[in-house]
Amino acid sequence: MTNLAALAPPRRDPAFHERLSWALLALVLLIPSLYATDFKPWVFFTPENLRVTARFIGDFFPPKLEVEFLTMVAREAWRTVAIATAGIALALVFAAPLALASTAILSVSSLPGRMHAIPFAARQAVRLLLIFLRSIPELVWALVFVRVVGLGATAGVLAIALTYSGMLGKVYGDILESGNLHSTTSLLRNGASRLQAFFYGLLPENAGELTSYTIYRWECAIRSSAVLGFVGAGGLGQQMELSMKMFNGSEVSTMLIAFVLLVWLADHVSLQLRKMIA
Amino acid sequence: MSTASATTLGHLPNRAPAQFLRARRRAAVVLIVIATLIAASFWSLNLQWANFFSASSMGRMTKFLGELLTPSREATFLAKLAIASLETLAMSALGTMLAALGGLVLALPASQSPGVESSLARAPVRLILNVLRSIPELVWAALLLISAGLGPFAGTLALAMHTAGVLGRLFAEAIENAPTAPAFALRVQGVPPGRVFLYATLPQVLPQIISYSLYRWENNIRAAAVLGVVGAGGLGQMLAFHMGLFHMKEASSVLIAMMLLVSLVDFLSYLTRRLMAR
Amino acid sequence: MQNSSNNGALRIELRGLAARHPASAASAAPALKPLGLAITPGEQVAVIGPSGAGKTTLLHAIACALKPAQGGLLLNDDDPWSLPVARLQKLRGRIFMAPQNPPLPPRQRAITAVLAARLPAQSLWRSLRSLVYPTGIGEAHAALQQFDLADKLWDRVDRLSGGERRRVGLARALVAPASLWLIDEPLSALDPTRAKLAIDTLTGAARERGVTLIVTLHQVNVAARFPRIIGLRDGELVFDLPSMELTDDRLARLYAQYEHELTGPRTYAAEPNSDNVALPGRIVPT
């Protein structure tokens, strides 16, 4: 005869304790965070700040639409795109050979089995270089370069080139290694040279994904380029920073709108191009 | 040989068919457009390569590099570094948390479940999400600094605003892609939409929501680290300060702290996601 | 049609060679147990055997795509594995291996896929030029025509059927600057007419150029048309005979428990063919 009492479900919610613990943990972490970040929303509502904010936001409408100013904004918007494009172009130049050097696919010495020691070490070194390049925020590079070459677009282009070469290089390597290797291996086994195997095997197999990612990164670079402008690396960002320092709401408003439009346009173009490739 | 030999071919094609030539022409046009864009970018930016590669610039870079390789380990400085690191960590965590909440609130009207007519608010909310995510964190920070003053508070809010846009869109997509059966069952019974969401949709998308938020935290720690450059506190502010005074040794320590912090958050995020998946 | 390496046909010798399957781990048991084999330049050999016999491994080992786990491989009395990597790569250029799964990038056009076989003999610059606009359309066309694929010259590989892709992979042999052809299962996915065309083309071209041809096959009736047959089972060399001496009984023992893999009749009469090869005599049923 079964003991029905023993089969009865627990009277208390078994998950409650665990959920409670998680919630308490979150709270325990939350309070010091509020303190550490100096979280004081009421600061927005002090009379002084309210006045400044109100005037600044008030200046947003209407946005400044004088022709001369708009021409400047258009020119700076183009410069932002140009900085991004030049930066990505340079990044590609570095990333492509680095990516090839970091993959094991084109390794002739590993065709029969394990790679020889020296090529292996060389490949790992290249990988580390790529990781290093992409973990330093581009803003930091920009800060350094601004002090070396001065304010302006050069610092921005170099900063983007360095950071993005790491990003592109690493992802290119990942794409190449995770694609279909059969055709490439077959070419290498039949005596083709490494670069020949790349152009006749690896590249056709992965061209779609590689191009798609590059276009996506170009779009990101446009956003980066605007941000870098804030530390003096040229383009729309630099102008925005100047206007903000002068509390000129209407100028900032126009530039913000221009920036949002620019990002939207780049997003659109990027999407269309990537659809064309697929 | 049993099959026809080459010499008997009457119609040996020595030219490619029209379709192939068209495809090649199209590819050539695309390449030319891209090349023109790149060339125009470099040309219009008037880059100061001479400046970069000049003896004095190279000399400065080498000096910077040398100092960067010897980080400062002075006790009081390290104490400040620790505090700034905690500040940055708190900024990223709190900002991401706020963004997740805000994103969730916005995602509900922004999503369109199949079979349910979309709310009137869908288009405007989507626009808000787009604007939020188009404007980079740094720009938000610069704007908020005007109203909130210097310090990590503005940084936290800036992260929250931008990330809310990103997460809001991701959450909306997750909600739209969730299986509809549970929600449908409740709706058919006449349960109001808010409660349908809480009891049917939310439990399904919760793992994805947490996962996306953790991914954004990884991104936000990097963003938080550099936000300080415009005055939003944390490691970024220390970095900008010391770089401004050309204290490369201290700057180097700050960079190392940044990299350690990024690795820590990457690890914590990975760990949490693994724990959740079990 | 080009005939670029009638000279330098390779003499192959295996001495107690054991090898692991290309896809297996380093600690796995060898797919090929130590075996010895000698193949003279210009010979045509068919390798048969049930699945897992080690046929693919054997081809890979001869192609220098696999380092032997034991024993040695000699090509023209040279151990290829003792060569420096660069010379070994040049040696590989003289060997053409067609794997069972055609190694063709999906978005590549058939003409480029075929002309890719020329790469070992081309400089980088010429190979790149050929990518922009193919140099050697005539060559590729002639090669594909031998396999009844001339009309697919400009089509993308992913628009071709499985059988057509197989034939494109085979057509590469006719363009490659190689004096040793190693073909793995050339007739899989081909219908009987096309299969006959393919094997006729391969054997005919090989004979004309003095190329050594080694083919693995499931279709025993086709294998019987080769002057020499090698039977593998479970990595061991079961027999190495002139095909005239292949009896039904030996065949049955080779494929014991794998009878379903035999394609084509177990006893077979000599088929009329247009080759001038001396036909193997009738099989004597026991």
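Per-chain residue numbering starts at 1, and chain names A, B and C are given in the order in which the chains are listed.
Convention: a residue touches a chain if its C-beta (ideal position, glycine included) is under 8 Å from a C-beta of that chain, and two chains touch if they have at least 3 such contacts.
No experiment lies behind these values; they were computed from the predicted model shown.
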* **Which of A-C and B-C has more C-beta pairs touching across its chains** => A-C
* To do: Please name the chain that ends up farthest from chain B once chain centres are defined by their CA atoms averaged.
  => C
* Could you please state the distance in Å, as a whole number, between where the Cα atoms of chain A are centred and where those of chain B are centred? => 6
* **Chain centre separation in whole Å, for chain C relative to chain A (CA means)** => 48
* To do: Averaged over CA atoms, how far is the centre of chain B from the centre of chain C? Could you give it in whole Å?
  => 51
* Contact footprint of chain A on chain C as seen in their complex -> 26, 63-67, 81, 85, 89-97, 99, 101, 103-108, 112, 116-117, 119-120, 122, 124, 127-128, 131, 176, 178
* chain C-touching residues of chain A, taken from the complex the two chains share -> 108-109, 111-114, 180, 182-183, 185-193, 195-197, 199-201, 204-205, 207-208
* Contact residues on chain B for chain C in the complex? -> 1-6, 9, 12-17, 19-20, 24
* In the complex, chain B residues that touch chain A -> 37-38, 40-42, 44-49, 51-52, 57, 60-61, 64, 86-87, 89-91, 93-94, 97, 130-131, 134-136, 138-139, 142-143, 146-149, 151-153, 155-156, 222, 225-226, 229-230, 233, 236, 239-240, 243, 246, 255, 258-259, 262
* To do: Note which residues of chain C are touching chain B in the complex, please.
  => 1, 109, 132-134, 137-138, 141-142, 145-146, 148, 153-154, 197, 200-201, 204-205, 208, 273-275
